[in-house]
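Input: one structure, supplied below.
We just call them A, B, C, D, E, F, G, H, I, J, K and L in the order they show up, numbering each chain from 1.
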């Protein structure tokens, strides 16, 4: 039987919120397979010298854990 | 007198979160008039074969109910 | 010693959610310095004549208060 | 068998919060029967020219759905 | 030393929400002294035959416990 | 394009919580097709003469709205 | 006049969640009369030696306080 | 461009909850213009000698910030 | 069978938050036995003449109710 | 010294909610020891062709991390 | 008439959480009088080179606004 | 590119809440590098024989995941 596991990541991008979500997914895909659903928990903007430096998205990824 | 009614929809788009919100609004407009405000409840990404398949936005639409 | 203060703004844009966040930041920068972090509290869409009129983002801005 | 359905309305009144709740109920009664319980989700005041224009109450109405 | 205790009550009134809060307080005063603060948790309306039967207020009462 | 709609129901059963969820689903199926997901919002027990009378489950049903 | 009081209990059972709710109700009935409604706040499972030892249900009981 | 700012106040009244909201608005109007919307966050009652001393309403005021 | 009961207290101390929690526990122990777990709900500071007068901790105490 | 770690899983079962929780626990036990407590975050039902296909339980497992 | 205003600050200290709250209060006292109550919203620890660099407390301060 | 990962731990200490947070951090440092921020989710006290046995802090640790 399969079980779904959830992990929490914060993705970043200088381009925008959607790209920050995608970066989190792309990072996760380096070590995980079978990601099925990604929930956005919140969006933030990091500032530096009063300019936007980074868009951040906290996401929860749900992936199927396979057992042989 | 008018009253405002709220309904909850989930819009989808392969292009991004904003387009998912707009798709929910466009679908709602096929049967509803006088939509006044749309709150985003949450954003999700659906994956298939570890690729992004769909951006989803759960939204609450507020529209005025007209009575004659 | 420095302390961080938080204020809440609602930014608007006819273009999209990200631009609404940026407009809130740009307005804040007219009177505040040292903004460090901006949390998105929620996104809304305002409708007029059943067309999207404005994207809105409620944001919390955190900035360092400097004392001499 | 009966099931209870919930819908969400926003009632308005220039007189006060209680009247706003009652107006939402009265509007609902034009199309629904068997309302059993009404929860207040939140209260708001709309302003115009810096005067109170309208008291608003977001309510959730629970009503029994009858089937023959 | 004194400690504050919190209890939760639901007060009812056929007249309105404020009266429902007051009825909860009046009932509490029959067995408690030194009530200091009352928080309203939520408001509800009970319907019967599609008419408002009762306004209800769920409240949390904080009172000082005296020890000799 | 398809959109997903959410509605909120309260199902009841004298047998238990799971049966209360199933009853809500069965009632919904009398008028809705294409239910995809059902979230349980909360569970309650109604008492009468200090005996359990009914198990209740508040659920949110998500179903696909088809347009021709 | 009657007022409703709410108390919070955690019921336990080695058999399952529903039985844990019922055990909380049965315990409450030893000292309380006129319980009207029981809300489930959350469900937990206690483990011992990596086996399920106990199902637990945190519940809020609402009962009518009678005064002569 | 205009931005909306939110501030949080607690208004008080010996007469009732609605009056407490209005007092918060009236106080705000002494220094702010262009208040557009007022959300009620919560209602409380302050007691003194076991009598109701003050109704309190915590409100969030949204007002347009004008720039020349 | 045993059941666990939860009560809510607010403990105070002029020394700090931890001491405020301990004072709530010590007060509870004057009338209760078998306290098993204490959750901190929130921390507050009361001010007087712009000086810290009291640290307060709202806590939920869980204790086993014994029946013979 | 020991520390407790929490992970989040979604267990599934075609039989019911309790079995879904147990399946999540059984899956976790294949790689983890010393599970102490399991909190249920939410229950869902997945539908297929308008029939119940799977009961799902999102759970948080707390287990002791042992270090030598 | 007096009204209470709430502002949100984040206080920092290298010593601990309580000191972080006190630093927020001390900073606020440089420009505000009549602070009456301070709620702790959350506690965080900032790390640098894997060592604790700063304890942070987000607090909401309530102070009376005096008008002549 | 870097991504931030969040994990949840419960730290314990017989000395106090701050020490419980530090113990969770110290445990985490045995296997993780680059911890950047630690949020306190909640504080609890475990009792044994009606005496305080352990202070517990549930914390969420955010650390940068490095990839070569």
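As a convention for this text, a residue touches a chain if its C-beta (ideal position, glycine included) is under 8 Å from a C-beta of that chain, and two chains touch if they have at least 3 such contacts.
Keep in mind that what you see is a predicted model, and the values were worked out from it rather than measured.
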| item | value |
| --- | --- |
| Mutual neighbours - chains that touch subunit G and subunit K alike | I |
| Repeated interface matching A-L, over half of the contact pairs identical, chosen among I-K, J-L or A-B | J-L |
| Distance between chain centroids, defined by C-alpha means - subunit C, subunit G (Å) | 45 |
| Subunit E and subunit F, separation of their C-alpha mean positions in angstrom | 32 |
| Length of the line joining the C-alpha centres of subunit A and subunit J, rounded to whole Å | 22 |
| Multi-chain contact sites of subunit J, meaning residues that touch two or more partners | 7, 17 |
| Interchain pairs in contact, sorted by label | A-B, A-C, A-J, A-L, B-C, B-D, B-F, C-H, C-K, D-E, D-F, D-H, E-G, E-H, E-I, F-G, F-J, G-I, G-J, H-K, I-K, I-L, J-L, K-L |
| Parts of subunit D lying in touch with subunit F, wherever the complex brings them together | 1-7, 60, 62, 65, 67 |
| Touch list for subunit E against partner subunit D, complex | 16-17, 42-47, 50, 52, 55 |
| Subunit K residues within the subunit I interface of the complex | 17-18, 21-22, 25, 29, 33-40 |
| Residue numbers on subunit A that touch subunit L, as the complex places them | 7-12, 23-24, 26-28, 30, 58 |
